[in-house]
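One chain, chain A, links the two complexes that follow: it is found with chain B in the first and with chain C in the second.
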Partner chain A sequence: MTETRGLDLDSRWVGKPVPRKDARGKVTGETKFFSDMDIPNMLYAKVARSKYPHAKIRSINVEKAKNTPGVVAVLTHKDVTGLNGFGILLPNHPVLCFDRVRYLGDSIAVVAAETLEAAVKGAETVEVEYEPLPVVSDPLEAMKPDSPKLHEKGNILRHANVRVGDVDRAFREAAVIVENTYRTGRQMHMYLETEAGVAMLDDRGRLVLYVGGQSPYRDQMQISRALGIKPEQIRIISTPVGGAFGAKEENTVQIHLAMLALKTKRPVKMVWTREESGITGIKRHPMIVTMKTAANQQGQITANQVRIVADTGAYASLGPTVLDVAVENSCGPYRVPNIDIDAYLVYTNNGVAGAFRGFGSPQVNFALESNVDIIAEKLGLDKLQIRKHNVVREGDIGPFGYKIVGSVGIYETLERAERSNLWVNRQAYKSKVSSAWCKRGIAVTTGVKGFGFGALPDFSAVSIQITPTGKFVVGVSCPEIGQSAITAYSQIAADGLSCDVSDVYLASADSDLSPDSGTSSSSMGLVRAGNAILLAVPKMKELLLQAASKIIAEPIGNLTVGRSVISSKHDPRKSVSYIDLARHMHGSGAETKVVAGFEVPRVEKPVEGSLEIPHLSYMYATAVALVEVDTLTGGTKVLEFYLSPEAGRIINPQAYTGQCEGAIVQGLGFALTEDTQIENGQIKTNNFTTYIIPTICDVPEIQIDPVETNDPFTPLGAKGLGEIGIVPIGSVIANGIYDATGARLFTLPATPERVHEAIKEKAGASHGKSTR
Partner chain B sequence: MKVRVKIFGAPSLSLERKELTIELSENATTEDLLKSLPVEDKDYLYVVREGIRLGAGAKINDGDEILIVPPIAGGH
Partner chain C sequence: MKPSRRRLVQVTAKVRVRLFHELRATLGQSEMELDVGTLGDVVAALISRDESIRSLFFDAAGKLRGYTMFYINNTAQNPPELSRKLNDGDLILLVPTAAGG
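Here is the complex of A and B:
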């Protein structure tokens, strides 16, 4: 186990594979998600959505809908009592549209009825007169001055430009320059539980929402703003969530449910259908990345010029910060002295893009790691060695001139990968093929991503309360979205409080029971709330010691904390258990609860022209993949996968491995199959029949080989983890296909059609535009 | 009493100075603090002290360092 700074944890639990507290319920099916909730007297809700991807609304008539048997309420924009808009960064997404629709998921009216069938019927009978407008589907066309404007200020939501050094000079002096344009797909989150929730009023008339989201307090704020009511009038409960991956950071069902519950004064349930989720929900930003990378004869990268065009769809959501992360990660974990990045975030009628695991990083990683492979080949260098030669090291200045405060373990992950069975025996692995027309390849790539909000303020508060039976309730508002957060928080608290992990309960993601701990997002839930727990523990211990001092008549300085017991240092017979302490504390009216807050360190001033960058600490990973390509069909299978992540201290090895494996499998989809097809604003792939995600049959043998460090960025020593596993997956698979076939992919996903086409073209193909 | 205030994100864009020292009366609350600030949409700003978001009516203390933060999020 690594050395622990911060509080003196005895590590009875931290670092151990403590079984997930939520495992049994989820595995046996006993866990009830919010889409499973049934409440007496409950209504069912359905949204009437746009019939056009882009149109003016001439009129809305809900009379037929109101007269539909079983329908109890039909609400339109006239019923939005606060701001008719939502969006975490910029609230320009209408709660209910009134003058214009900008994508097929736009909401016109929301219906509550006695049955789901009646609600659907009611929504279908909402009459809207439209005037169709030209559809803006190509982000490059959308940027042109004569393109139809989706928003008043035009279609370019954000332009970021970051320059460091002198790229022109570096290009003049380079031994090799590689320039290519890469494209990535519009990946869907495809969580098993679609957007869902139940809203009702409590006996005091307060709104209570059980809703699958990633931050109850952000949801509370967005509802409060849209309804014009005080946040204190809204209680949000957000655990458990049946998958989120970023998309449930944004408002989905929350505001509509709140409006209907207030109007009908009855419980109301809404569950988006799979198709509705596909049409309406957030997606990963497709990006067009043109990257010109230069290196000297030794393979040292000397310059990187990058142009990014990101399709953010109809509304802002978290697009502006996704663009920031793409900019920040454009140069990967490499020392690049000369940088010129121009990045555009562009509105189109192609759904809405926002947060998705990786948050802009996998897209630019595909471009960079492909260019690095090509440079290595041109210079005759080993593809792992060129990466070792270029990666940042401990104490380095990051690409934008800021010192990296966190641990930097990327070199060590490359060393691990170099010693891995897959890399050492790569020629033997490649020599075996399933059939004569199959070819195998092995590639190595790296990835990097900051965790947390970087230069933006980021804070977390938690509470700890001792129960009358001597157990502890830890209040954390970051929801359990499948990342095993509840267990990790329990381990940290149990170590700090010297008790059994089973004696720690989580009051998870309930705005009435847990203070604002921030979001379960940006790979940061553990670091945010984990550090806050570390700060709350000594406060709770102080309460325990005060009570013990009275009971056993010893000064606090003479007391020592053992396992669920406090004793005199001098007379071990004088001791009191946590159970007796709790009885005394609750019986005497003593304070039983503490709250502590953690403010995440950040730079004082962000990089000029950015919101969120730089981060002060990063997660790193090196990936190695063995792929086999069927040269007749272009079909690609990933046979073996190796990932060495560096994500600081390991709190729970089992959860750590699980997060990495999940990210890799989701990355397989990004790399090989997943791309929401939208033609002229119409989504063609909105369910599991037409949108193909990896199944267990596609999952290769996976080895996770972590480099453990003690990240000095925060006292906990752990970094984020949830996203880093997905970052290098697209690039390592694309480079593996090249290694197998000699065919270079410039567009992901690498579908059989694309791979087959690339193989056919390879004879005449060059490695991009090479000037030297 | 005096408190130091740092204002972040959109509310700070129109401000020349993003760090202010504000004079408040004794027993001032978060509402009093927000009223004294030259920012818009005060109902939807977070008042944060030592990593803890303060609720409506929470008391401000002399010498406090306060962050004024719009609700923001990022990542997966």
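Here is the complex of A and C:
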């Protein structure tokens, strides 16, 4: 039973499977996404993109493009009136290139035309004279001093070095040391709706953008900065969003659309094609992780030395903080007293990498959990018990010497997994196979990830307004991106305001309607905005009580709040409904709206060598997977999946399960099939034909078995959830393949070719360089 | 008559300061005009309006953090020099870190 903290919530709604507010529209197709919008007099936009992954631009000629029938405007770098750069952390990605291109997706000109066909034709006729430059495609080569430099300061965008204790001594004293190098793929987000939006000027000449992003205020900032106009001149409406998963935190179509709408003074629509999204859009950072892990005879991990090389592509985007999260999670949820992490973020001409669900954590988790499995095997220990032996516990000091403020339920998730049907009956599960040449394996791994921005500033403001009819409009600007956030916000507000959940309406994620609630990112939307709602509720209640006090002539102290009614404690006949209160408040000119802000707790100073380490609270999970490997083809199928997450208080069980299931399925792609193939800067897999994501046929039976805690990190007691489900998926499937075949995978995705090759080589394969 | 070699020393400049995210939410406005001498004066003027934003600029020891991006006339100041003199008409953008993971 969850203890209630923070506000005195009667939990009529929180913790209940309230149906999603956006479900009907999305299921029936009634919801219109921005890529569906058609507006009279609308123009269509297309970007002329680089034809080379790396080249100098000698000249740009747009005369032919301007003269193309139907073309209304062609804009180049000369039309960028502010900073010709975007990027949330470091704006070094040109809005429109003028001297150099650094990847195939780089933008050179943007065209608006009467029809999409004319816009495409116009973009195709932009003439650019290039001087091709050597392509930097291997991040290890890019780090060498003689590599061509993609940016003025060189190719190493960031080098993080974090050391704790004495790894050398720990390695000398270890009973077992395992060292291996692991590689992960460049996963694409592959949302159903590609990057899209519509921009126009309203009747007062203000810029209005309908664009599915992860924060209207971040989009507003990037447009304001690039075009040199005041933020108030820009209105951003960010929902609905047809999938985001991190990539839509960054500017995509926004600045180009804003430029064209201002220039043409007509509505302009841009929808990236699937191929354009594949070439231009953000990807998950491929990482090369060399990990040397030591343990004593009892299986206690004593040291972890990690070297990470992350390919961030051509521009910074959110790469610097992705690297931090990889560093922070390199030791997983384990107590590791001696740590030495050396991490590099490296520029290449391989597209652009940035935010993607998990944010650097799944990559290092694959390395760590593989090493832990190998250590267990070398010491003859049970693979679940070694994890129980090592995980952090409530009140522990975290791996970098700070106190973990949040709840720590990882041990309990392992206990749950230990009692799960899949683990208890694993031998029986493994004994059945589909055919004689198939083998089955079961593995267990854990995962951890902080939620929020860690030591970086993180702030969320929300508003609540009572309508003239006694309902409430909650203004939250972190958009609903599929995570069921608006339903959760409604539940929290309805409990706080003692009303029906159907009486709470969420204003669209609209910079004119809602204050800056931060981003829908880092598994933090619920925690940010949910806690801000908790702070706004008493302010609204105060307004209601003041009005009720006047109406029923009782001091506020004598009043009590019931279900959509306020009454006298002493005389229940003296009461006033929210409807009558609202009528009075609106009729008398009383305040009807409140705003509250929540500042996310953080440490005063980040860990030496990091930007945002540590987080003060973390999400945890234990995963168990049953896989079957076809030893003739190397094809791997996941048959059963069990996940025990610990993500604090559960606000909506249905949404909770949905988030975990979605993360697992996305993780299947990371583990088994998804990797953007880039050869010499040329992207070979940019659509669903060549880039294979899981379908419903690949989805196993999934059991979600949450451990519920009441996280003391924030008043709400809930943690983030969106990302933790994906963190242990790659590792548990790779370890499952090993359990089935004895073949160890060091590279993800575990494609049939790689698995088949590993099976062939297993006789001679070593489990890393064991030195003891 | 010889032209005077004496020049008036301009002590302050009239600059526009554009604020984003938490700065805007806390100070309740997105743009303001200030008469200041240096970039540091801009920061001091903002903190004087609301002490709670000090932590967006400085750590407990008074050292400048890297959390907030400074731009002068669309040029990033990395790292910002608070002693940098400003000129009339300068546009200063202050953008607190708005992302992480």
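Just so we're on the same page, the second predicted complex is superposed on the first by the 771 of 772 C-alpha atoms of A that agree within 3 Å, B and C clash if a C-alpha of one lies under 4 Å from a C-alpha of the other, contacts with A are read in each partner's own complex, and residues count from 1 in each chain.
Throughout what follows, a residue touches a chain if its C-beta (ideal position, glycine included) is under 8 Å from a C-beta of that chain, and two chains touch if they have at least 3 such contacts.
None of the values given here were measured: they were computed from a predicted structure.
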item: Three-chain arrangement built on chain A, chain B and chain C clash or fit; value: clash
item: Touched partner set for A:A532, first chain B, second chain C, both or neither; value: first
item: Partner chain in contact with A:P515 - chain B first, chain C second, else both or neither; value: both
item: Contacts of A:G722 with chain B and chain C, given as first, second, both or neither; value: first
item: First (chain B), second (chain C), both or neither touched by A:F245; value: first
item: Touched partner set for A:L227, first chain B, second chain C, both or neither; value: neither
item: Partner chain in contact with A:I282 - chain B first, chain C second, else both or neither; value: neither
item: Which superposed partner A:L544 touches (first chain B, second chain C, both, neither); value: neither
item: Partner chain(s) touched by A:A461 [first = chain B, second = chain C, both, neither]; value: both
item: Overlapping contact positions on chain A, where the chain C interface meets the chain B interface; value: 88-89, 215, 217-218, 221, 224-225, 230-232, 249, 318, 321-322, 325, 355, 359, 452-454, 456-457, 459, 461, 515-516, 519, 521-522, 597, 611-612
item: Chain A-facing residues of chain B, complex; value: 8-9, 43-44, 46, 48-53, 55-56, 67, 69, 71-76
item: Chain A residues within the chain C interface of the complex; value: 82-83, 88-89, 91, 215, 217-218, 221, 224-225, 228, 230-232, 249, 318, 321-322, 324-325, 355, 359-360, 452-454, 456-459, 461, 515-516, 518-519, 521-522, 597, 604-605, 611-612
item: Chain A residues within the chain B interface of the complex; value: 88-89, 214-215, 217-218, 221, 224-225, 230-232, 244-246, 249, 318, 321-322, 325, 355-359, 451-454, 456-457, 459-461, 515-516, 519, 521-524, 532, 535, 595-599, 611-612, 720, 722-723
item: Of chain C, residues touching chain A in the complex; value: 18, 20-22, 24-26, 30-31, 55-56, 59-60, 66-67, 71, 74-76, 91, 93, 95-101
